[in-house]
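Okay, so here's the structure we're looking at.
A, B and C are the chain letters, set down in written order, and residue numbers restart from 1 in every chain.
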Amino acid sequence: MSRAALLVLADGRFPAGGHAHSGGAEAAVRAGRITGAASLEDFCRGRLHTTGLVSASLAAAAALGADPVTLDAAADARTPSSALRAVARRLGRQLMRAARATWPSGELDSLAREFPKGAHQPVVLGLVARAAGLGAQDAAYCAAYESVSGPATAVVRLLSLDPFDASAVLARLAPELDLVADRAGEAARRVPSDGIEALPAVSAPLLEITAEDHATWPVRLFAS
Amino acid sequence: MKSRVDGVTTGVRATARIVARDDGRGGTSLPVLAGEGPLALRRTRATGDEARVMLVGAMSGPLGGDHLTVEADVGGGALLHVGSAAATLALPGQAKGEARYDVRLEVAAGGELRWLPEQLISARGSELYVSSRIDLARGARLVYREEQVLGRAGEEPGRLTSRLTVRLAGRPLLDQETACGPGAPGGWDGPAVLAGHRALGQLLVVRPEFTEFPAGARMLGERAALTPLAGPAVLVTAVAPDALRLRRVLDEALAAVL
Amino acid sequence: MHLDHTHDGPTAVSADAHRPDGRRRALRIGLGGPVGSGKTATVAGLCRALRDELSLAVVTNDIYTREDAEFLLREAVLPPERITAVETGACPHTAIRDDISANLEAVEDLEDEIGPLDLILVESGGDNLTATFSKGLVDAQIFVIDVAGGDDIPRKGGPGVTTADLLVVNKTDLAPYVGSDLARMAADARAQRAELPVVFQSLRTRAGVGEVAGWVRAQLAAWTA
């Protein structure tokens, strides 16, 4: 294995569809809840410790070899918004496509057959990490980072925020990313003994609520 | 009950248990209705074929160190409605550590549970972990409401963590945790999570008919959304500035769904 | 002009010329070009010209709305199930060049849901002169510019003007009003593009419309040969 594979997978330019999604930031900008770097940081911090932690845990568990079908059902239960479930599956399918071309693997082929319309993205991400020779912690880092890098990039476009400010926000969140990746890895390692409920289920009510609204907007820059 | 071990005050441990069964005459009987300590249960006048139970808080609780459990088991053909006489107030206690409140609900195929208690209020300085587990058989029906209010009027909230895990036929249907208040992971009051709202609630309706006629997602005002789950169920998620406005949204949703 | 279409097993996931069931997939043609040059109108013209002889579908890449898809629906150039919109997160060129995953899902879903297709037109969101389609997404591309955008565009070149398989210079009926020199545009385009074809089109006078459709037919003939 090469640790550098993590850089390929976590690169924002990895062609897996993320660029069209704001992680709820577009709705928060419209509602006046994100107006600059400080509120972007608050938004990202909240997202990191909720959906970010949940995604990181699912990814880590998948990377450790937990049954992807069980993990996908666990992801469904942790994603009450039907709009967000649809987004998670769409992104899972897009990631699957990019990953199969990048790191061909029998496990990815069989997951693609099991979920032709896409499994939840974090579950796919965990299996992609395996295919790339990466570990559970790497998968958790990747998921946790995506949970904040997506909104940060989107807000640069939505508010014409200074891109240096957005990068500084991500850098300030780094210690918390470490914590979340650690927690996710610990939770994932408990799955074989404690079952799927060992995985965190922390939710962000406003992300769930506003996702349903955003999905109905006739004019928007981002798909979610 | 409150006990002293080696001179250290420990909290109260108490369990209340309700068992509801089809009485064979078109109604619901309650072969078990057992309160304990601060958890008192009263059977109130029933309407139609349902049995109605009121959870009466004989003491203000839960306090730090307490461990309270409420269990309900609803059999096939039984219809149980559970309410509470007043809001539950989480307060700091003399005993060390967080308080724990466990809710364990089980509904058999053809049974129905309407779990509609009053709010849970997290008072300043309190630390409470709520764990609600609901196990439903395929064909069970459920209306479940939970509301959390962060602090009494104008008060800072305590630390409140609440996890709701619902399984249908052994498979996860809904798994949600909220963690708020001092010491909760960062961003809990930020623009992604609560954004200053002090009341949050969920209304879950599980009904076999949703398999054939799934509900569509829709907004209920600006701060609440109804969404179909991946199963025969809908969930209303709502945030509001205060308990009153939260209840108004959930009541409207309840009326629309029932 | 065509890619080297080889079937390289289950991991070939984008440019592969075959569908999972082994059948040859639809030919995909991309239409790019600056905002307002008439891409959507050209797509509509192609649909009207070809829909009776071919099974075809359209994917639009709007910048921030479903407006292009809705224009095509309103004009009823194709039944609604044959038109899909992809959202691009404010970066239309990313969705057709750097990260084509959403567009590939869209073309595959169209073939899955409405059965065998001969041709899928993928319309880019209006962007700039450098936006081109990835070879993983389309088999050939048309670049649409218009005379009102300035008659110096062919001279300036750029990836779209220089390398597109077909360059369409649109709205030629406006040339006298905006002071554009069509002869000069034609000469500049020839200089930039060598043998690659150029069509001067006016959707109002219908000039050139048949030529564009004819070019598409020729691509399809080569694809299915």
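Observations on the structure shown:
By definition in this document, a residue touches a chain if its C-beta (ideal position, glycine included) is under 8 Å from a C-beta of that chain, and two chains touch if they have at least 3 such contacts.
Note that the structure is predicted; figures quoted are calculated from it, not measured.
The touch graph of these protein chains is an open line.
Comparing chain pairs A-B and A-C, the larger number of C-beta contacts belongs to A-B.
Chain closest to the overall centre, judged by the mean of its C-alpha atoms against the mean of all protein C-alpha atoms: A.
The centroid of the Cα atoms in subunit B and the matching centroid in subunit C are 56 Å apart.
Between the CA-based centres of subunit A and subunit B the separation comes to 29 Å, rounded to the whole angstrom.
Rounded to whole angstrom units, the spacing between the C-alpha centres of subunit A and subunit C is 33. On the subunit B side of its complex with subunit A, the touching residues are 163, 165-166, 171-179, 185-188, 190-195, 197, 200, 217-219, 222-225, 227-230, 235, 237-239. On subunit A, the positions that touch subunit B within their shared complex are 24, 28, 31, 33-34, 39, 42-50, 53, 73-74, 76-78, 80-83, 85, 176, 196-197, 200-209, 211-213, 215-216. On the subunit A side of its complex with subunit C, the touching residues are 13, 15-22, 90, 93-95, 97-98, 100-101, 104, 109, 154, 157-158, 218-223. Within the complex formed with subunit A, the subunit C residues making contact are 10-14, 63-66, 86-91, 94-95, 98-102, 104-105.
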